[in-house]
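First subunit A sits with subunit B, and in the next complex the same chain sits with subunit C.
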Partner chain A sequence: MAEEVTLSGHIQHHLTNAKMCTTDSGLAFNKACSDSGFWTWHIDTLAWSIGLGILFLWIFRRAANKATTGVPDKFQCFIEMVIDFVGDNVSKTFQGKSALIAPLALTIFVWVFLMNLMDLIPVDFLPALAGFVGETAFGMDSHDVYMKIVPTTDINLTAALAVGVFLLMIAYSIRIKGVGGFIKELTLHPFSTNNKLAMVFLIPCNLLLETIALVAKPFSLALRLFGNLYAGELIFILIGAVGLMQLPLHFVWAVFHILVIVLQAFVFMMLTIVYLSMASSDNH
Partner chain B sequence: MEQLLTMPEAIKFIAVALLIGFGAIGTAIGFGNMGGKFLEACARQPELAPSLQVKMFILAGLIDAVAMIGVGIAMVLLFVL
Partner chain C sequence: MNLNATLIGELIAFIVFVWFCMKYVWPPLNNAIEARQKIIIDGLAASDRAEKDLELAQEKATAQLKEAKAQAAEIIEVAKKRETQIVEEAAVKAEAEKLKILAAGHTEIETERNRVKEELRKQVAILAVAGAEKILERSIDAAAHSDILDKFVAEL
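The block that comes next holds the complex of A and B.
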């Protein structure tokens, strides 16, 4: 049988993603991937995030196909509430003109919310199921099966979302202000004078300040979502390790976590809208 | 005397404590201030309460951010590194 199960081993097992990489002998998984460097894929994150994205698209497409202008049923009513909510926030916050922002905001909100929602499933349940499947179908030791079901606890996923928003910010800036305008915004704010000699000294200052402000946005987006969700999942794992007292503690933490998952999805969406609004506004 | 903890482990625990502790202080002061002003504003103009509440939640997400980043890094330090 495998090595003995210790508490920190159990916790580490729950905090490790399922990895896949290519080595000299073809595709390798998990422990064989320890030195395959950058091109290691976290297949559990990829599978769950893509699966939840497909679920979101399927739910909303069904609602759109069955939509009626008569008396709506509960499902259509709920979807309309979500869309109204996102639409209100976009129209109040986004100051430019773009047909992309509202669908983007809806996607970010619902997709991040669905991924965060996976954190409320008991933390041992699906990984134990996966371990059982691994044992019976593939003859693997269930300790070698790694699966993390909450994709947003993987910094790679939150960073990918943030990089997407960052690229959109730059694209909107360049589209509205042009490349020259974009560079002027980075170099001529906040210090600006008419004196050419002073500008030679002020431009590097401006560039430093503005670059830090620009790069801090995707960084903080990624790390805020990751930190909240990772800490939440870890506390679930730790509460699960205390024996019978875990039941009331789990309940309290789960109720708090319901607030956190909605709030973090909402904040991610609002900040995306705000950043894109700032990027596509011409006044500074 | 036999060591219960090696020096790097001990420093790691202190680092985790500092990360989480300082984050908690800043967050608590920030939320206290913001919550207090929100309650005052609601008391003065109750009709603004819903819209102010939405803005308050946005601010809550932002104030929490760096503290949660610290907690995330502390957890990674404690359990993964």
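The block that comes next holds the complex of A and C.
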């Protein structure tokens, strides 16, 4: 078995999601879905991300249920530290008041952190386990079982988060400034003049620039998180392929990655707050 | 990039998670934290107040103690004065009593002396009469010579 697997094939196997799609003959998986187009579901991404999201909500909901105003136990203290950290950043960064921003920031921070954290599980553990289960329980070839356990290395997930934030940015812009105000913001800046004729020429330029600036925000959000985690995962996979030397290398990269994991979750959260703060503030 | 339906699924999951967090996670935790902060603020204020109260009470106690000491000193002063006065009064009274007793003694002595004198005078008169009787070897008519005898006794 090992002879047949080339390094690039090994890496390719690691970087492929488990797919599911519907074909004419019912549900199909993986290779059968290679030409299913848009309506393909990455079931590993979906399962791990939703599972981790539920884990996050379960942990925090448990703390919320037990929350007392008296002396908190250590679990509650820890949860409150996270809440306080997020709330602090939100209140310092977000101008104005909104009941949505803080829970949104908390969800992004903890959820993304948990998904990034999956990167620290040695790269072969869960895919090999999935292959073993697939082979013994379902009689599949273990090479046809795919399992990508870090949901943030899937562009679909980071794009989904970015699209969510983007929709909120537009909603906040319209809610605070009105549709007219939002359109004015997109067309009358950064170039403006009192000359009506010149303005007619400037408006398309402004619209182009502002639209690019607006759309760049979700793109940068999605690609930054995806790029960092994808690269990190790729390096883990490469380290995993160099024999015994992988032990010290893996350790060093994992230690460094602890920083990346938290930092990327934090950056995503902070940028979300900043973008929404910009969207809901009037002065351009 | 292979964007596909996963994006939609994740977007829905994201929205649901944020909604759940906003509805059931953030408010109770945040409320608990804020309520505890309020309790701590109240507690600190109460302890401040208690400290101030304690200071006041201590000041009051010190003042009262001082007053009590002053009062005690005053009472002692008055008592001392009264003591001196009582001693002086007693001395005066004793002096008077002494004089009275002395006077009484003198009177008594005088009376006694007079009585004794009288007695002696009588005895002497009797002795004189007896002596004279012996000398004259005869009785003297006491009645006849009483004037002489009385003269004699008076001279004693």
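Some observations on this one:
Operating definition for what follows: the second predicted complex is superposed on the first by the 281 of 284 C-alpha atoms of A that agree within 3 Å, B and C clash if a C-alpha of one lies under 4 Å from a C-alpha of the other, contacts with A are read in each partner's own complex, and residues count from 1 in each chain.
Quick note on the criterion: a residue touches a chain if its C-beta (ideal position, glycine included) is under 8 Å from a C-beta of that chain, and two chains touch if they have at least 3 such contacts.
On a predicted model such as this, the values are computed, not experimentally measured, just so you know.
Under the clash rule set out above, the superposition-derived model of subunit A with subunit B and subunit C shows the two partners fitting side by side.
For the superposed model, the angle subtended at the Cα centre of subunit A by subunit B and subunit C works out to 100 degrees in steps of 10.
Residue contacts after overlaying the shared chain place A:Ala64 against subunit C, while subunit B stays out of touching range.
In the superposition on chain A, A:Met115 makes contact with neither subunit B nor subunit C.
Look at A:Gln264: by the touch rule set out above, it reaches subunit B but stays clear of subunit C. Counting the residues of subunit A that each partner touches, subunit B and subunit C differ, and the larger count belongs to C. Using the contact criterion defined above for the overlaid structures, shared-chain residue A:Ile273 touches neither subunit B nor subunit C, since it reaches no partner. Once the two complexes are laid over each other on the shared chain, residue contacts for A:Phe38 go to subunit C alone; subunit B is not touched. Between subunit B and subunit C in the chain A overlay, the least Cα distance found is 8 Å. Chain contact summary for the complex, subunit C toward subunit A: residues 1-11, 13-15, 17-18, 20-22, 24-26, 28-33, 35-36, 39.
Partner subunit C is touched in their complex by these residues of subunit A: 17, 37-42, 45-46, 49-50, 53, 56-57, 60-61, 63-65, 67-70, 72, 79-80, 83-84, 87, 99-100, 102-104, 106-107, 111, 151, 154-157, 159-161, 163-164. Residues of subunit B touching subunit A in their complex: 57-58, 60-62, 64-66, 68-73, 75-76, 79-80. Residues of subunit A touching subunit B in their complex: 8, 11-12, 15, 220, 223-224, 226-228, 230-231, 234, 263-264, 266-267, 270-271.
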